[in-house]
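One structure coming up, written as C-alpha cells, with questions to follow.
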Amino acid sequence: MATFNVQVIIENKPGISDPEGDTILNDLVLKGTHKTVSKIKTAKMLKFTIKEKDKKTAESKIQEICDELRIYNPVVSKVSVVVFDA
Amino acid sequence: MATFNVQVIIENKPGISDPEGDTILNDLVLKGTHKTVSKIKTAKMLKFTIKEKDKKTAESKIQEICDELRIYNPVVSKVSVVVFDA
Amino acid sequence: MSLEPQELIELKSKIGRDPTSTELQIIAAEWSEHCSYKSSKKHLKMLPMKGPLVIQEKGYDSGVLDVGGGYVITAHIESHNHPSAVEPYGGAATGVGGVIRDILSTGTRPIAILNGLRFGNIEKDQQARWLFKNAVTGIADYGNCLGIPTIGGEVEFDDCYQNYALVDVAAVGFGKKENLIKNHAKKGDLVVLLGGSTGRDGMGGSQFASDSLESEDRSAVQIPDPFIEKLIIEAILEARNHKLINAMKDLGGGGLSCAVSEIVDTLEVGIEMDVDMVHTRESNMHPDEIMISESQERMLIITSKTKLKKLQEICKKFRITCSVIGHIKSDNQMHVKKGKKTFANLPTDVVVNVTLLDLPSKKPVYLKTIEKEKKLKSISDYSKIMMSFLGAPNIASKIWVYGQYDHEVGIRTVIKPGHDASVLRLDNGKFLSIKIDGNPKQCYINPREGAIGCFEEACRNVVCTGAKPIGMLDHLQFGNPKDPEIFWTFLESLKGLTDFANYFKIPCIGGKVSLYNETPLGSIKPTPLIGVLGLIDKKPLIPQKITEGDCLVIVGDTKDEMGGSEYFEYVHKFVGGKCPSVNFVESKKNMKTVLKVIQSQLLKSVHDCSKGGLAVAISELCMMNQIGCKISLENVPGEKLDIDRILFSESHSRYLLILDKKNLKKLEIILKKNKVSFKLIGKFMGDKIQFTKGIKSIIDLRVDMAQKTWINSLKDLVLHG
Amino acid sequence: MKVGVVVFPGSNCDRDMYHVLTDVFNLDTQYYWHEKSLPKNIDAVILPGGFSYGDRLRAGVIAAHSPIIKDIQKMAEKGIPILGVCNGFQILVESGLLPGVLLKNESLNFMCEWINLIVENNKTPFTNQFKLHEKIPIPIANGEGRYYVDDNTLKQLKKKNQIVFRYSQVVNGSSNRIAGVCNPAGNVVGMMPHPERAVESEINPVDNKPSSLIFESLMVKMGVVN
C-alpha cells in the first residue's frame, strides 16, 4: 500500500457561464494595468490523500468517489483527476 | 507573443484549518464505502489565458496580478502558479 | 506573549516562587488588556448597570433584561478589529461567532445580529474597498449560515481608519427566564470542552488585540467555521432543555486560560485539568499552546457526573466532539496537568485579578482650536451638491450591505433594515427594537458631546419605531491608552455616556473596550459605538407608504452645529466646527412626546434626522417612498441660520413625523400641549425633492435620479472602484 | 393530516416552517432528523431552508446523501406531496428528485430581498389554490439560487408543465427566470423563495394572502379543508 496525493479539479463544462471568472477579469484585472489577460475561468480543487496499492487504483477509486458521491454536478461541471506520489 | 494558460491554485497555508475539506471527508466520503481516503483539502483554482512574450514573463505577470490585486490574502492563503503552453 | 516587568515581579511575589512557562502564558493572556480591562475597569464602574428590568447573575458574558411574561432578552457587543484588519473575511466572521457564543452561554437562543463597520476612504483607497467587501462577506457568510438574522447596523468611512478596520458585532438572545443557566458548580463536577478542535491558529489573539498592529502578528488569524457553530448552538440548547448544564462559558480571547480561570473563580471553586484530554487539531501541541489557543467555536460546560452520558449523546447526535478535560475541586486553585505532570498550579484569584491601572490623562491640545470654524467656499448650486452628497459613501444607502445579510430568518423581523431601528417580534406579544450608532467625526471634535450624541441617536432610532429605550450596550474603541491625551478622550466619552444613562435611566447592560487601535497614520478617532434596545408593549410603528398630500412635521430645533458633519467633511473637506450637543431636558421631552403621538396612532411614520442633516433625512423619505416633497426651509424651527446650516446641521433630538393631512390638527394639539418645538415644514407631492426658502428654490431634484445615485453608489464603488 | 419537517445538520428554517405549519395552519407537524426514517402514514414532507452541512462542496449535495433521502424517494414515488424550500430545493435537486441544478447567483452575493413570483403551474399539491399566473410577493434569501437547465431539459420541463414558479423579473440569472419546479408527476415541488416567511401579515410588508395559498393548497389536496 502506498499513499497518493490526488488532485481533483472541478470546472464548468464548456458553454456554462462563469460569472465569477468574468468578474475577476473585468472588474479587477482589466481595470488595472494588466491588459494581456484575455480570459479567467474559476475552478474548484480538492486534494485527496489516499492509500491504495498503486497509482492506477488510486485514480480509479477517486474517479469512483467523484461520480458516486456527486463531488461534481454532471449537469454543469466536469472533473479531472491527477495522481501524484505522496 | 504567445498565448499561455496559467493555473493559479489558492489554498490555505499549512497549519490553517480547512473546515470545508474536513466536512467533505467526514460527512460525505467516509460515510460511504471509501475508507482509504485520509485527508481532503480544498483549494480554489483560477485559469488565466494570457499573451506574453515567453513563459517566464507570463508567470511573473500572473504572480504580480495575484499579489497586487489581492486575488488571495497572503495572511491565510498561499498561491502557486503553473504555466502551460496554450 | 509577555508580561510587563513589574507585572512579573508582582506575580512572583503573589505566588512566592518563579512561575512556570505555562503559568506565564496563562497569566499573560488573562492579564492582557483585552481580557483584564486593566486600563479601563476602574472607570467603567461609573456606568449605571442596574435597573428594574436588569437581571444580574454571576458569570454572565451578556446582559439580561426581563421583558415580561417569563421571557428575557440577552445582549452583548464585541469587536474583532485587529484580526479584521489583516484578514477581513475571517476576522469579521469569527467576530460574529464570538459574540453569538456570549449570548448562548446564558442559555438563550441568539435571535439577531447587528454590525458596525468602519474603514478608510473607499473612494480613494483600494485597500479600504477590499477590507470592506470582505468584512461584509465574512459577516454574511457566518450569520446566514447560522440562521441568525443580521437585522441592522451601520457603516462609516473615514480617513482615520486607513489600512485598518473596526468590525463591531452586537447580538441579541431570547429565551424563557426559567431556562437561564444559573452558573454553579460543586466538587467532583466535570469540566467539558465542546465544539471545534484546538489548534495553533489564533495563538495569542487577545495579546494581539491589545498590541498595536505594527508587529502584524499574522499567526493570530482564525478560520471561521459557522457550520460547527450552528451545531454547537443546537446541541447546547438541547442540553439546556435537559438541564445538563450546571455552568457554561464561551471560549474567546485568551482561550482556555481565560475561560477556565474566570468561570472557576466566579463560582468560587478550583479545577484540575489535563491538557491531554483536550481534542486538538494538530499533534504535539505544547500545554502552553493548548492553554492559550484561540481556536474558534468552542464552549466550556460544567456538568455533573450523572449527566455526562446524556450530554455526550447530544453531542454525538450533532456530530460535535466533547472532551472531559477536568473536574471541579474545592481548593480555589487552577491546576493544569499533562498526564501526571503539573504544568501550572495557581490560585484562581491571582489569575483573574490583575492590578488595575489608573492611567494619566490630559486634555488633547488639538481640542483648543478644533471648534473654530474656517471660512468655507460658498455653494452656488445646492442641487448639484446634494446629488453628489447622496452618493457619498457615508450617506448612500447601505442596501448593498444588508441585502447580503439574511435579515428575515427566524421570522421575527417586523421592521427590516433600511429604516431607522429594526424591530423583532417576541413570543410574549411584545416587540424589541434595536439600533447601534457611532459617530467618530463628532467624537473627535468633542469626545463627550460626540459620545452622548451617539447614545441619543440610537435612542432616537428606537423611539422612531415606537419603542421605549430599556437598555444600552457600549463599545469603546480608542487608540493607545498610555497616551494621556487619548486616555482623556476615553474618560470624557465614558463620563458623557454615564451622565446620559443616569439622566434617562437607561442601564448599561453590557459593553466592551477595545484599545490600541492604531493605524500607520496614528490613533483612530475616538469611536464609541452605542447600541440601544427598546421595548414596545403593544404595536410598533411600521412605516406606511407615504402618499400624495401627506404632511411633514419636524420636532426639535436645528442649531448652528456643523462640527463633524458629513457636509463639512465631505463637501468642504473641513474637520472642525462646533460639535452638536444634546440638551438633556429637550431631548427627553422630544422623546416622550414622539412616543406619545406614535401611541395615539396619528402617524404614518417617523424618521430620525441625523447624518447629513435635514436635507438627507427628507431625501431618504422621498427616495424610499418614491414620492416628491416640497419643503419650506424658512419654517424650520431653531436658531436663525444660513441655508447650508438648516440643510446640513446634524443637531440632535430632531424627528420627522409623516402623517395624513386629516390628523394634522390633532397632532398639533398634542405637540403644543407637550411644549415641544415643532413646525409643519413640508408636503409630499409630485416627483421632485424641492427645498425652498421663501420664493427661492434651493434644491430641486428628481426623486428617481436621486434614488438611483443613492441606491447604487456604494455597490458601484465596491465592485467597480 | 401529518406533516414531516426534515432536519439536517445546518438546517435553519426548520423552526420557522414548523411554526407556520402548527401555529398558523394548525397542522399536525413533526420534525424528522436526517438519520431517522419517515413513518409510513405521513401525508406530506417538507425540506426546509438553511445551510445543511454549511453548504460545503455545493449547497445540498452532502445532505442529499442522508439516510432519510431514501425514504423521501419512496414517498415521492408513491405520490406523496413533498416540498423543498431554498436549501430543501437544493437537496431535492442534488438527490435527483428534481431536475436541474442551482448555481451561485449571478451577482455572486447572497441575496435577501422581496421579489414577485408568478405561478406557472397551478396543478401541484402546493399550488392548486392559485389562479394561473397569479403574483406572489415573497422573500428570497440564498447564495446559490440560480436555477440552471440546458435547453433540451428546459423544453422537456415546459412540455411536461414542470415549471411551477417564475420570477416576475430577472433576479439572479436563472434559466428562463425559473424559481421553482416539480417532478413530472407534480407531487415533488422545489422553490427557492421562502413561503414560511410570508404567510403572517405581521412580518409581510406587502400582502400575506398569496403565500398562504401554498399551504392552503396542500390542505385542500389532503382534504383537511376544501
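For clarity, chains are labelled A, B, C and D in written order, and residue numbers in each chain start from 1.
Everything that follows uses one rule, which is that a residue touches a chain if its C-beta (ideal position, glycine included) is under 8 Å from a C-beta of that chain, and two chains touch if they have at least 3 such contacts.
Remember, it's a predicted structure, so these values are computed and weren't measured experimentally.
Asks: Can you tell me the least number of steps between chain B and chain C, where a step is a move to a chain it touches?
Replies: Graph distance in the chain contact network comes out at 1.
Asks: Measuring from the mean C-alpha position of chain A to the mean C-alpha position of chain D, what distance in angstrom results?
Replies: Here chain A and chain D have centroids separated by 30 Å.
Asks: With chain centres defined as C-alpha means, what is the inter-centre distance between chain B and chain D in Å?
Replies: The computed centroid separation for chain B versus chain D comes out at 35 Å.
Asks: How many angstrom lie between the CA centroids of chain A and chain C, rounded to a whole number?
Replies: 41
Asks: Could you check chain B for residues that touch two or more other chains and list them?
Replies: Residues 19, 23-24, 27-28, 32 of chain B each touch two or more of the other chains.
Asks: Where does chain C touch two or more other chains at once, residue-wise?
Replies: 225, 227, 319
Asks: By residue number and range, which residues of chain D touch two or more other chains?
Replies: 9, 53-54, 56-57, 61, 65
Asks: What's the contact topology between the chains, one of line, ring, star, complete, other?
Replies: Topology of the interface graph: complete, with all chain pairs in contact.
Asks: Write out the stretch or stretches of chain B touching chain D in their complex.
Replies: Residue list for chain B touching chain D: 19-20, 23-24, 27-28, 31-32.
Asks: Note which residues of chain A are touching chain D in the complex, please.
Replies: 16, 19-20, 23, 69-71, 73, 75-76
Asks: What does chain C use to touch chain B in their complex?
Replies: 86-87, 89-90, 130, 134, 199-201, 218, 221, 223-225, 227-228, 281-282, 319
Asks: Give every residue of chain D touching chain B within the complex, in rising order.
Replies: 9, 53-54, 56-57, 61-62, 65
Asks: Touching residues of chain C toward chain D in the complex: what are they?
Replies: 137, 140-141, 144-147, 225-227, 230-231, 317-319, 402-414, 416, 425, 542
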